[in-house]
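Read from first to last, the chains carry the letters A, B, C and D; within each, the first residue is number 1.
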């Protein structure tokens, strides 16, 4: 079943590029949602069946695939913003950087020793690449929403790596990750609503009054 | 015992959340803080054995951090009684409850030896601090909160993946997979250096962000500048120490693996860089709260350098954890009073504080003298220990850079602080209803007395505690 | 013992005579008969018998000036050997005391002048202060050279030590020194070309203008002190310029008196052939003197 | 009382108790409600401290013993020893004298009833400063030394900014604080290296370190900067004039009379640690010393502000002392006992002398300023009539500080001159003798400076209405000054006793030296000197009596000053300070600069206008201030890094991660 997981990881990487490439916020939110769903399926493919597993899967799919995207799209609608206009870095350069980082992450993963059973799969690569994608979104996009999206992509990357530890680690760490994701996103959702109420916009370049003169 | 330490504040949080009266809440807060302090001292006196499975283990280092956090929190809670009296315009429900949750999480960080659990607790503090920074409910505070939240979350996320790397290293090494510090230290020799290196880097950046090492410090001036005085005090005197504690855990691990040199050099480099950045940004600083934030950047830099130096400096840094948090308490609380009285944070408007608020102004001045490492205050002891050990180890360059940035920082800070406290208040400055009272002046005064006493006399128990702690961090060839 | 008595006797009696001689010489150059040699004595005695006028502005400082000036110069006179005979008072390092005694006198006289609150006297003491502190180093270079030549730290020995033989060895150095010290001699005693005691324009005076307000006995004392100062510095100078001595004590006293008179004549000649310098030039000449002396020092210690 | 004490305690203990008393002197006042009581208590206590402290110190000095006490402390820096050896004892004496005198003076000068706001703090920190200085002299533990050192520096700062509502005062305070802190940073390096060398935080034994290692060189430089900054040796003197000028006068007295000397004490102490110091050290000290002396007095001549003039002359005197020390060090390097003896004797005695006449002058300046309501010399004048007693003691002080016989200043300079001259014979350091003319020049200039000061304050007629109605200060203010004047005179007429005072300190500094011969030899010379000095006084007395006799015989009348024919002379026509020094300034132009604003006079009858000349703080204005401004500009430019844009912050994190990754592999 691992091979299927591997193909799904390829899909994840593609979604990374979509989230880098698109300018429509709703679309990228959806993309991230899909990514979340895929991540939700992955554990099921890797481990033998158990109710705990089912539980995990359901929770992940619910949170990553539906709750958070709903929150975000509500924020988007309330702030009436459709697109990410003039990002700090154009889409084409971002895509190129994304490609470069993906390549780098492959190089990075190549240098690290792996368990034989993980040897010829690209968990590490995918996770680092996703992490970097998240970073790229965080650094290049103007809208607060896109930054949250970037953060989510990062979280996904971390989650992918988490899969490698799924059976070895106590459940606590994943739970921690999930909690962090959940609460983090909730709080960010709240903050974003506050922002849009305060500034009637989600353009973070308005949020630059605090700086050194 | 441990459970009490964690549960009690949570109960307190629930209680304060349910209390409907704004006037009553701070008193309850103070009450719970006091009980927590008592509990802490009890724990320090009679330390229970580590819990089965080794998840909870209060070692000497944890004790120091726990003690400083608890003392500082108690003082801030007392202060909140006086402070919130002047902030009647808004509800303090979130503030009080949030503070107590943070206290619980902080205690958890100090007593657990499970890195994963520690990470969860740290993340909790990060999240629950956000609404406290947003206390003032205005455009600036929301911006500060946003930056704080996003940057710190990213940092903590990086720390998480660092932990994952560590865990995976254990798996790869075919040892019992675990994130318990003691297990990791035991098996450290076997771990593959590639993963360990990667883990250390991510953990350093992650916890470094939380701690505010330059250039990961960017959220600090905004958050400290916009948060209320007592929250600032807790951020710079409490959370910083927690993140530092996390770094120390990583350091212990490094000591066990043979990768320590890289980690030490990285710490020294980032520490010195932080001090230089602080020196640069403190000069001509127009907002005294932001200035304090940079001072906090400076002090995390000092801690990092000291940790990197090792040797005698370890003693210095462990003492500095305590000294710094107490002194920062004095500065933030008194600056909060000054802010209340002038209703401005700008150093152009705030003049002659000594005349207008003899107590708060004096405390602020004394705090400045203390934090810049002048005797007879505690930070002098720690800073001199660190500097001297740098020179004794023959690391002249590190010592020289350290001293130079300390001096530049002193000059910058003096040029900002002295005009604030000296002279006469400008005629056009706003007159507010704030007056120095026992509740607003007492707590920082108490802290200052502590700082002074520790500067001339270190009680024997504390001394032994520091010795044990630094023994834990010795390099064994 | 006798030498000491003679020494003191000369110091007490002879100084005004030098002034007389100078006056006579100048008169001779001007083709006048001039005042008799003993005129200065008459002046001083007459002044001592006059009554005195004190400015209402003045305090005790004004009165202290002349007295201290006299006292210090007198002590200085005890430190300098006259001719081949050692001075009655001498100890290692007395040359430093010698130099500082003049400073002491100066301090009091300047203060006294300033005590009157007269702008002229203030002007005078300002000049005195500046020029004398320029002249100071020259004197010290001279002392260094002498001390080096003689290998002693006492005026008597180091001055008596200078002889024709020394001249033959280190002529160049001594020549420079004589040049420098002569300038110092003229400055310290406010002679032309640096200062003109007999001018009638207060604006151009240095020393005389400082004592405008002193009258009667005080002025007498000042006159006498000035003469004594000339005598003392002169005695110092002739050791350098005219260092001849016979073994015979009495003869040496004679030689001393004669050479002092010669010195007076020389000063008279200089005063009559030269005009007063512009005040701007004086510092330059003083620095020149210092340089001369410094060179002589270099010559002897290298 | 002294004998009683001798029976009861060990003098070292007594001295320590006295030091503690000083520290506690100001504390009661903080809690007493009624103004003035605290001040009286403080004065009484510090007199008591002096009464028991000075005899104790003297006994320690003459019995030539070294006593060690253990301070009970648990800071992790080894044992904390308090040691009093003759050197410390010698430095202790002025501390007690000056602090007592100052606090008595304060009763009249800074009465609590008039200065309710500031008096308490002033009294408290005054006691703290004196006490910390006294304790500093006994500290033998690096860290304890630095702690006391910083307490001293900080309390001095709080004293300087007593009147901090005045902008000038605040500025002076900040300059002082920054200067002293930079010095302390240098001391951090010095003591850390010392600890690294010795392996413990206790100050090393005399002569236990080699001066030839590179570390020793670094230590020496650090110590020179650290201690020199406190002593005010050029070029570390910038803080000195403004701080002394703006502090209350008895504080200036304490700072200039005692605190500056702590820098010198540090240098003394440091030098004792090293055996065979290289000649270079001696030369550096000597050159810095003599140039400080020259430039300091040159600045002094140009000043218009009474207290700035005194402060600049402090730089001069410190310079003279440093020269002496340097000469002694040269002696050590070239194994030349005479030079060591004379250099040290001169330096130490001058330290003592300066701590007598400089406080005298500063206290006097306090009274003067109080009376004329300004620090501007050119507006004063004629105060001598109103207060003859003050005028007398101030005159004594001025004569003494110029190094003129028959007062103490001359004695110490005399020793230095002897030191220079002796090298003519010995030969190895012949060129040292060129210091003599330079020192003579310094002497000449100081005569200019102090005739200017004294005359423009006390002599002539008042130049402004403010100075018109002086009234003699009360006993509490006059007595301390009279006391200092008396001791100055005594040392002047009995120098051999003064020499006995410094000899033990010299042996403490350089034990190898065989004092017996040298001491005896120069003692004899001093004997002759004192005889001659007495002779001067005698002659002066005789002349005075003679004159008095004449005056009684002849008629005495009084008139207004002779105006050379001009009848309507006004007081504004007098030569005032600036016009008096103008000639000297013009001669030495370049060393001392003045900013002169000359009016343009045109036409036959020009309109009334004024000419203002202000001496400039060359170092501060031309070098240091621009430096700071430049740094400030650069920093402000760099502030843009904190751009406010989140994305950039993210980039920082990203970059850090990347760099560390690359570094790790």
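Here is the rule we go by: a contact is a pair of C-beta atoms (placed from the backbone, for glycine too) under 8 Å apart; a residue touches a chain by one contact, two chains touch by 3 or more.
Just so it is clear, the structure is predicted and the values come from calculations on it, not from any experiment.
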item: Relative to subunit C, chain with the most remote C-alpha centre; value: A
item: Pair with more cross-chain C-beta pairs in contact, given B-D and C-D; value: C-D
item: Subunit B and subunit D: spacing of chain centres that average the CA atoms, whole Å; value: 44
item: Chain centre separation (subunit C, subunit D; CA means) in Å; value: 36
item: Subunit A and subunit C, separation of their C-alpha mean positions in angstrom; value: 101
item: Between subunit D and subunit A, distance of the C-alpha-averaged centres to the nearest whole Å; value: 70
item: For subunit D, residues that touch 2 or more chains besides their own; value: 636, 639, 642, 646, 650, 661, 665
item: Where subunit B touches two or more other chains, by residue; value: 146-147, 150, 154, 198, 221, 281
item: Which chain pairs touch, all of them; value: A-B, A-D, B-D, C-D
item: Residue ranges of subunit D touching subunit A (in the complex, touch as defined); value: 636, 639-648, 650-651, 654, 661, 665
item: Complex contacts: residues of subunit D adjacent to subunit B; value: 73-76, 143, 146-147, 150-151, 154, 161, 164-165, 167, 170, 173-174, 177-178, 181-182, 185, 188-189, 191-193, 195-196, 628, 631-632, 635-636, 638-639, 642, 646, 649-650, 652-653, 655-657, 660-661, 663-665
item: Residue ranges of subunit D in contact with subunit C within the complex; value: 381-382, 384-385, 388, 391-392, 395, 399, 402-406, 410, 414, 417-418, 421-422, 424-425, 430-431, 433-434, 436-438, 440-441, 443-445, 447-448, 451, 454-456, 458-461, 525, 528-529, 532, 535-536, 539-540, 543-544, 547, 550-551, 554-564, 569, 571, 573-575, 579-584, 587
item: Residue numbers on subunit C that touch subunit D, as the complex places them; value: 48-61, 63, 66-68, 70-72, 74-75, 78-79, 89, 91-94, 96-97, 99-101, 103-104, 106-107, 110-111, 114-120, 122-123, 125-127, 129-130, 132-134, 136-137, 139-141, 143-144, 147-148, 151, 153, 202, 212-213, 216-218, 221, 283, 290, 294, 297, 301
item: Residues of subunit B defined as touching subunit A within the complex; value: 116-117, 119-120, 123, 127, 130, 134, 138-140, 142-147, 149-150, 153-154, 156-157, 160-161, 163-165, 167-168, 170-172, 177, 179, 192, 194-195, 198, 221-222, 225-226, 281, 286, 290
